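All remarks here apply to the structure that follows.
When the chains are written out, they are named A, B, C, D, E and F in that same order, and each has its own residue count from 1.
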Amino acid sequence: MSKVKEFNEYRLRMNKTILEGDNKVIKRLFSVDTMAYDPGALSSKTKEMLGLVSSLVLRCDDCVKYHLEKCCQIGTSDAEIHEVFSIAMLVGGSIVIPHVRRAVEFWNELNKIE
Amino acid sequence: MSKVKEFNEYRLRMNKTILEGDNKVIKRLFSVDTMAYDPGALSSKTKEMLGLVSSLVLRCDDCVKYHLEKCCQIGTSDAEIHEVFSIAMLVGGSIVIPHVRRAVEFWNELNKIE
Amino acid sequence: MSKVKEFNEYRLRMNKTILEGDNKVIKRLFSVDTMAYDPGALSSKTKEMLGLVSSLVLRCDDCVKYHLEKCCQIGTSDAEIHEVFSIAMLVGGSIVIPHVRRAVEFWNELNKIE
Amino acid sequence: MSKVKEFNEYRLRMNKTILEGDNKVIKRLFSVDTMAYDPGALSSKTKEMLGLVSSLVLRCDDCVKYHLEKCCQIGTSDAEIHEVFSIAMLVGGSIVIPHVRRAVEFWNELNKIE
Amino acid sequence: MSKVKEFNEYRLRMNKTILEGDNKVIKRLFSVDTMAYDPGALSSKTKEMLGLVSSLVLRCDDCVKYHLEKCCQIGTSDAEIHEVFSIAMLVGGSIVIPHVRRAVEFWNELNKIE
Amino acid sequence: MSKVKEFNEYRLRMNKTILEGDNKVIKRLFSVDTMAYDPGALSSKTKEMLGLVSSLVLRCDDCVKYHLEKCCQIGTSDAEIHEVFSIAMLVGGSIVIPHVRRAVEFWNELNKIE
């Protein structure tokens, strides 16, 4: 569990530090970031998968972890997650593979906890 | 209609030219590309939206057009497409906006035809 | 002048179309986008140059044009603009050069109008 | 022939305009750019293919065209070029495909002229 | 202080190793890299902020650290740095956020030392 | 030797985990990935250098390591590797430098083992 916990603690602590900088633009961007994944015409689950695939093709490990955790909480199956990975690898190429390795590892840790 | 038609004609003609090069790796990649969007644990519609958002954040206009056309054929509402756009803009930043401009234009043309 | 005018007309028309989609996240992102370049601890001119260099290294021609126009309106010298270009080319590499070609062309058109 | 000619004329004209800006950093970068493809431990042909594949995965059409022309002048076979394309598509993913379409078209035009 | 020191020691040691490879192109690129941030039409401070925002949108943590250190040495306020961060996040999207987290952490360490 | 060994063990272990997910698209992509570097019109050595330069400009450390190891096994000289680095740095810009630092370190470790 430690990897998941460690990731979340660092993220929350540094987000707090960033927001203490009291920059209006940054604050607004953080609040839009939360709002964007609220259910609307698309479900939260679909939106989290959209966030996940975008993070994978842009190769941002921390963003991938964040969306994997949300996907796990909402209830996304292994097969669904692998299909998201497959599209990321297809669209983004073999450079996405190392990020998928770390994503699979984190996904398995998340599912051990639940 | 001409923009949609022109786009498709160029794409199909050049894909044919690429495949005539008879490179085994390229042929396999083209065939995996088709297979990846087949329905599985996720529906074709969800997969096309995953392809669309990936193309937007990676800022590939032609890929965006391709997935918009698929989304249109499968039946995706304006509100759903705008939510895909919103996540692409959030994750990928304001540099995605010019691509969303061209995407909206193409989307509207696709819907005029139908 | 036509290139500058054409660019602006398309941008404004399509921004309007995007906003008519009435997506709350997109609307917020557009409004933050405007706010970010307001003078604060840094002047608008410095901020526009920051926007310009970011657009160049991310290789978004339309974003480059937008910030060049702002830089021109605020009063930025040729030498200053070339120094922004030089840092973009250094940080982003030779793939930035084709975008600098189009940027110089647009910059010269902007300055002819003024 | 017009597409190749047009590309070269624009490139040369705008490079001249950029260099007239008389920025020392830009001048140095242009001169290193030429030097980098001179034969050394690796042949010019290998280096041009390295430049080509880099341009493809970074998806810069103008850079792709430039290196294709060099590869054509040096003498690179269709099969070799397709293998460069295949690695670009594998490493960079399906978003590279639209750039390969335009690359194949330009490559065929270059070979018609010779 | 250890994080800053460790970063600098590794950077200097490996730069030395790279230059020992005695490649002419690499040597020139290193020397242009230094020259580009010298004051000219723009001040060193503005240029370092341009380098910082470019590194953030291209998401290179080591480059970010390098420019943060320069910004700190030259004298850049917290509010100014946060405005650079805000533009990076706006232009580059939410995938820039994890890099801003690490940047804020490094910035705070730099300022503790001074 | 530990860094090289550690890298390979993690890569092989996680590739196995990914493939156990039994996703057809992912399996095909893994098998095309292997095939692409087989000798054809171009030698394996040239193809590995193409893979290396692509990985460098796309800034994927793990992909860089993988291709460096292959280049080492096939027999690539220090001078050749530095020329690949030089083109990557030229095309991809100074943001590639931190990745070249780690690449040189790994390359030297690989050569100590042999």
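Everything below uses one rule, namely that a contact is a pair of C-beta atoms (placed from the backbone, for glycine too) under 8 Å apart; a residue touches a chain by one contact, two chains touch by 3 or more.
This one's a predicted model, so the numbers in the text were calculated from it and none came from an experiment.
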item	value
Third chains touching both chain B and chain A	C, D, E, F
Centroid comparison with chain C (C-alpha atoms), farthest chain	F
Same-interface partner of B-D, chosen from the options A-B, D-F or B-C, over half of the pairs matching	B-C
A-D compared against D-E, more contacting pairs	A-D
Distance from chain E to chain A - Cα centre to Cα centre, in angstrom	27
Euclidean distance of C-alpha centroids - chain C vs chain E, Å	23
CA centroid of chain A to CA centroid of chain C, Å	30
Set of chain E residues in contact with two or more other chains	25, 29, 32-33, 36, 54-55, 57-58, 63, 79, 82-83, 86-87, 89-92, 94-95
Pairwise touch network: line, ring, star, complete, or other	complete
For the chain C and chain A complex, residues of the former touching the latter	24-25, 28-29, 32, 35-36
Parts of chain A lying in touch with chain F, wherever the complex brings them together	59, 78-79, 82-83, 85-87, 89-90, 94-95, 97-98, 100-102, 104-105, 108
Chain B residues touching chain D - in the complex, by the definition given at the top	10-11, 14-15, 17-18, 21-23, 25-26, 29, 33, 54-55, 58, 60-63
Interface residues, chain A side, partner chain D - complex	57, 89-96
Chain E-touching residues of chain C, taken from the complex the two chains share	32-33, 36-37, 40-42, 46-47, 49-51, 53-55, 57-58, 63, 77, 79-80, 82-84, 86-88, 90-92
